[in-house]
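Several structures are given next for inspection.
Next, two complexes with chain A in common: one pairs it with chain B, the other with chain C.
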Partner chain A sequence: MNWVQLLVLGLLLGSVYAMMASGLTLLFGVMRVVNLAHAAFILIASYITYLLFENLTLDPIVSLVITMPLMFGLGVIIYLVLFPRIEGSARYVEMTVLLTFGLALVVEGLLTFVFTGTFRSVRPDYVSTSIHVGDIFIPSNQLYASAVSFALLIGLWVLLRFTKTGTAIRATMQNRGAAQIVGVNVRRISAFAFGTGMALAGAAGSLLSFLFPFFPGKHWQWIALLLSLIVLGGMGSIKGAVIGALLLAIASAVVTDTFGPTWSPITFYLTLFLILLVRPQGLFGAKLRL
Partner chain B sequence: MTHETEKLDTTDIPVVDQVDADVVPQRPDRAEGVISRRVALGLVVALILLFPVIAIPVFSSYAYVMQIGMLTLMWISMSSSWNIIGGFAGYISLGHGVFYAIGGYSAGLALAHWGISPFLFLPVAGLAAMAVGLLAGLITLRTRGPAFIVATIAMLFLFLLWFDNWEFIGASSGLDLPLVDIPVRWLKVPFYYAMALSAIGAVYLSYRIAHSKFGLGLRAISEDETKAEVAGINTRWYKVIAFSLSAYFIGTAGAVYGYSLTHLRPLTFFAIAVAARMVLMSIIGGRGTVAGPVVGAILIVGVNEFSVRQFGQTELNIVVTGAILVAALLFFPQGIVGSLRKSGRLPAFLDWD
Partner chain C sequence: MALLEIEDVVAGYGAGPDILTGVTLSIDEGTSYCIVGPNGAGKSTLLRTIAGILKPRAGEVRLDGTRMNGSRPDQMLAAGVCFVPQDASLFPTMTVRENLVMGGYLLGDRVLKRQRLEMVFETFPALADRKSQNAGTLSGGEQQMVTLGRSLMVEPKVVMIDEPSLGLAPMIADQIFEKIGGFRELGITVVLVEQNAVKGLESVDWGFVLDLGSKEFEGPADGILADPRIRELYLGKQLAPRERR
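So, the complex of A and B:
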């Protein structure tokens, strides 16, 4: 395959990854939560999209309207139920990792129980079509998913940059204590940010449902990939997550083309290891002192 | 704490019983048991070793009981080992399934290619796991906190992908091992004893570390790494050595378990549920204590066996595992042994450190 084609495919998938990773890194930035259950929640949204498509033939892109608010609500509830208990504990960050690890297991088990372990996929018409520009081909589903992701990323940027809530979120990311002093209701902002991150997970779930087949155990692959992205970009840096996602998606497209699809995930894990060797803080991260 | 830490030395891991007396003065007075800890531990070991004999007249389903005994010992071996890095040093690893696999596959390959019995190969399987642990530790331990956990997950998936595609070891379809030629009724007994060796070794290692300056250094790292470093502890090597040591008896457990299955598949060893169990057992028993992971292992194997018999081998088991983990973290973060010690009600026979 020629390089332009690989670049295009990489950028298309990369923007979807970027959207997924920005939700995860937002949670880390605001609340120091490494959400190992993020991909499990993404899968919940995928299964909701699957049900809506199978029963009501609702287009998976339209179902974002349902999955995003639903996951926002779920996020706020999870935040309010679980996190006040562990906030202020000596090993907070570690606790969040283990807690969300437990949550991920619960979600995986429940999904397997309800939907069994078989592969599912959502197949609207545009799954099998593609657009040709010169000798470059663009699969329609990837194009649409990428466009939606891009729009959501712009939305996130506008939210963080130009609204009062966004300013409060960014202030909390930079310095939680100082934000509190100048009158930011840190707990409410955290709940809102958790909800926003989860809403992005909801969107990601709907989009992934028609990009790749999925089964309940698949969230481990997704979370490993997402974590590689945000460690590469520097944990808590949204800009880093986006750039990391685009770079790795292109790299993985090249690896897939050269060595076959089996080896494409290895790009992510190997990059993660190499980054840790030379620059543990990631591309845009401050050195982690946790 | 400074007067102890300045004596620390990385080159050897001194194991001095009298350190016990002056190193841990802050602990509330131990309740005077009827029997000393040494006698209690001796009794436990004797019970473990004699159990297969005692069980003959007691249980009708002898092979099943031996299987459960072997699994319990395996998980004791794994959670006690994990506790060395995850409990003492406070570095949570979710990638220890790798060492389980290295142990299982190195012993399996030795049997399949050179005909060496895995029982004899055990020490080497442990060493192989340890060597991989050393290399992996050098890389992953460059990070701290959440980034470390992420790195260990990436390590797990990297190895899984490699094993899944490595034809020499059978790739994802697996590696077949010759069967052990023993009547079915007694089949599990040698595995039981090999696993007992591994479990006793793991607990002994954990005990010796807990009672050494090395263990004290690890605890200092877990409390506050920067302060530990300032106090003169070579934190980097302490962590790497702890990581590597924690791999040894997970490797031996993997070797025995793999042989007992007679068929090795990557997913058996790399499944995230394996790593999850180690973590859960340590936490529920009491992370950072010697007895905790043992108590946790016995408890969780029991709960798991009960739920399998009640509900069958369903996905609900993984839900139970996850839910217990969440509940333990929220309501019971110090675990059974930790909580009992805090309230001063820890029975003497469980006070191993």
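So, the complex of A and C:
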């Protein structure tokens, strides 16, 4: 396959990964929470999208207007119910890992109970069409998913850069104590950031539902990939997550083409190992003291 | 009526023991104060409790006669109590200007924010020269200036400053104390916590001596400095190296 084709495929998928990873890295940046349940929440949104499509033939892209607010609300509730209890703890980081790992198991169990372990997929018309530009082909579903992801990333950037809430989120990411001192209500900002990260997970779930088939245990595969993306970019750096996602998706496309799809997943972890050997803090991460 | 009243306040961290075992003190408008005492006396804990970062387990914090117990830090700040913590708590990858603007986070009015920013740059001319530099790249003294300048953005009634001279060279520390002295002319009541008891007491009107979580003594700052009994009992360890010189 020619290089331009590989680059296009890599960028299309990469922008979806970037959107997924930016939500996860946002949570880490604001709250120092490594949300191991992030991909499980993405799957919840995939199943909601599936239900809406099967029962109401609602287009999965349109279903974002339902999944995003729904997941935002779920995020705020989960944050307010679970996190204030462990916030002051000396073992906060360890507890968040266990807590979110537990959440992932609960979500997987519930999804298996309700939807069984069967593979599902959402198949609107554009799943089987593609656009040809010269000798480059662009699968329609990937193009749409990529465009939506790109728009959401711009939305996130505008939110963080130009709104008062966004400024408060960035301040909290840089120095939670200092943010509190200048009058940021850090609990409210954390709840909002958790909700925003979850809303992005909701969007990701709707988009992934028509890109890949899914089943309740699929989230382990996704979270492994997402974690490698945000570690590569530097934990808590949204810019890093986006660039890391694009790079790795392109690398994965090249490896798939050269060595076959079996080798695609290993690209992520191999690149991660190599980069961390040289830059332990990731591409754009600050050196962390946890 | 006193501006800020602390009555029998008990506080501690997490499930840990009481650090403050019942502190009572009162802060009048326009007077400056320094809280001194040995390590672990609860000086910083007291400021953090007043600032709302720590909830008092018992007792009362009153501002202008209103009970403030359980207020969040942002509510205390909005009420006019500003806290400057000891670690020069800045936003390292934001510029000096952005850090100062963050100090006015609670101000809704843009014009007011710009006026205050001008005022801060007048008070701290050194910061005006560095306004486009990232705060993380400044020296310790300059970072302390930014946190002090940032506290002026909300025109607070009381500024509580925790260990402003920590980790600074003596000459730089003197400059910081001089700036803090200037706060009084702006009509701000200063409450200082200082490990360097002599420096701290020299720059204020009134001193509190804190030990083992409660107030042991209070009086005019120069009186405390002159009292050999207090010096020996509570300030002895800190004064020794200086006197030997």
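As a convention for this text, the second predicted complex is superposed on the first by the 290 of 290 C-alpha atoms of A that agree within 3 Å, B and C clash if a C-alpha of one lies under 4 Å from a C-alpha of the other, contacts with A are read in each partner's own complex, and residues count from 1 in each chain.
Everything that follows uses one rule, which is that contacts are C-beta pairs under 8 Å (C-beta built on N, C-alpha and C of every residue); 3 or more make two chains touch, one makes a residue touch a chain.
This is a predicted model, so every value here is computed, not measured.
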### Task
Look at A:L272 in the shared chain and tell me whether it touches chain B only, chain C only, both, or neither; answer first, second, both or neither.
first
### Message
Looking at A:P280 after the superposition, I want to know if it touches chain B, chain C, both of them or none. Which is it: first, second, both, neither?
### Response
first
### Message
Quick check on the superposed pair: does A:V231 touch chain B, chain C, both, or neither? Answer first, second, both or neither.
### Response
first
### Message
So in the superposed three-chain picture, is A:V182 touching just chain B, just chain C, both, or none of them (first/second/both/neither)?
### Response
second
### Query
Is the number of chain A residues in contact higher for chain B or for chain C?
B
### Query
Taking the superposition as given, does A:S140 touch the first partner, chain B, the second, chain C, both, or neither?
neither
#### Entry: Which superposed partner A:F113 touches (first chain B, second chain C, both, neither)
first
### Query
Of the two partner chains, chain B (first) and chain C (second), which one does A:A104 touch, if any: first, second, both, or neither?
first
### Query
Is A:S89 in contact with chain B, with chain C, with both, or with neither (first, second, both, neither)?
both
### Task
In the overlay, answer first, second, both or neither for which of chain B and chain C A:A168 touches.
second
### Summary
Both partners, chain B and chain C, contact chain A at residues 89
### Task
Give every residue of chain C touching chain A within the complex, in rising order.
13-14, 51, 53, 72-74, 77-78, 82-85, 87, 89-94, 102-103, 105-106, 150, 154
### Task
Give every residue of chain B touching chain A within the complex, in rising order.
90, 92, 94, 139-140, 142-147, 149-151, 153-155, 157-158, 161, 164-165, 272-273, 276, 279, 283, 314-326, 329-330, 333
### Message
Considering only the defined contacts, which chain A positions touch chain B in the complex?
### Response
28, 32, 34, 82, 85-86, 89, 91, 93-95, 97-99, 101-110, 112-113, 117, 216, 220-221, 223-224, 227-228, 231, 235, 262-263, 265-266, 268-270, 272-273, 276-277, 280, 288-290
#### Entry: Interface residues, chain A side, partner chain C - complex
88-90, 164, 167-168, 170-171, 174-175, 177-185, 187, 286
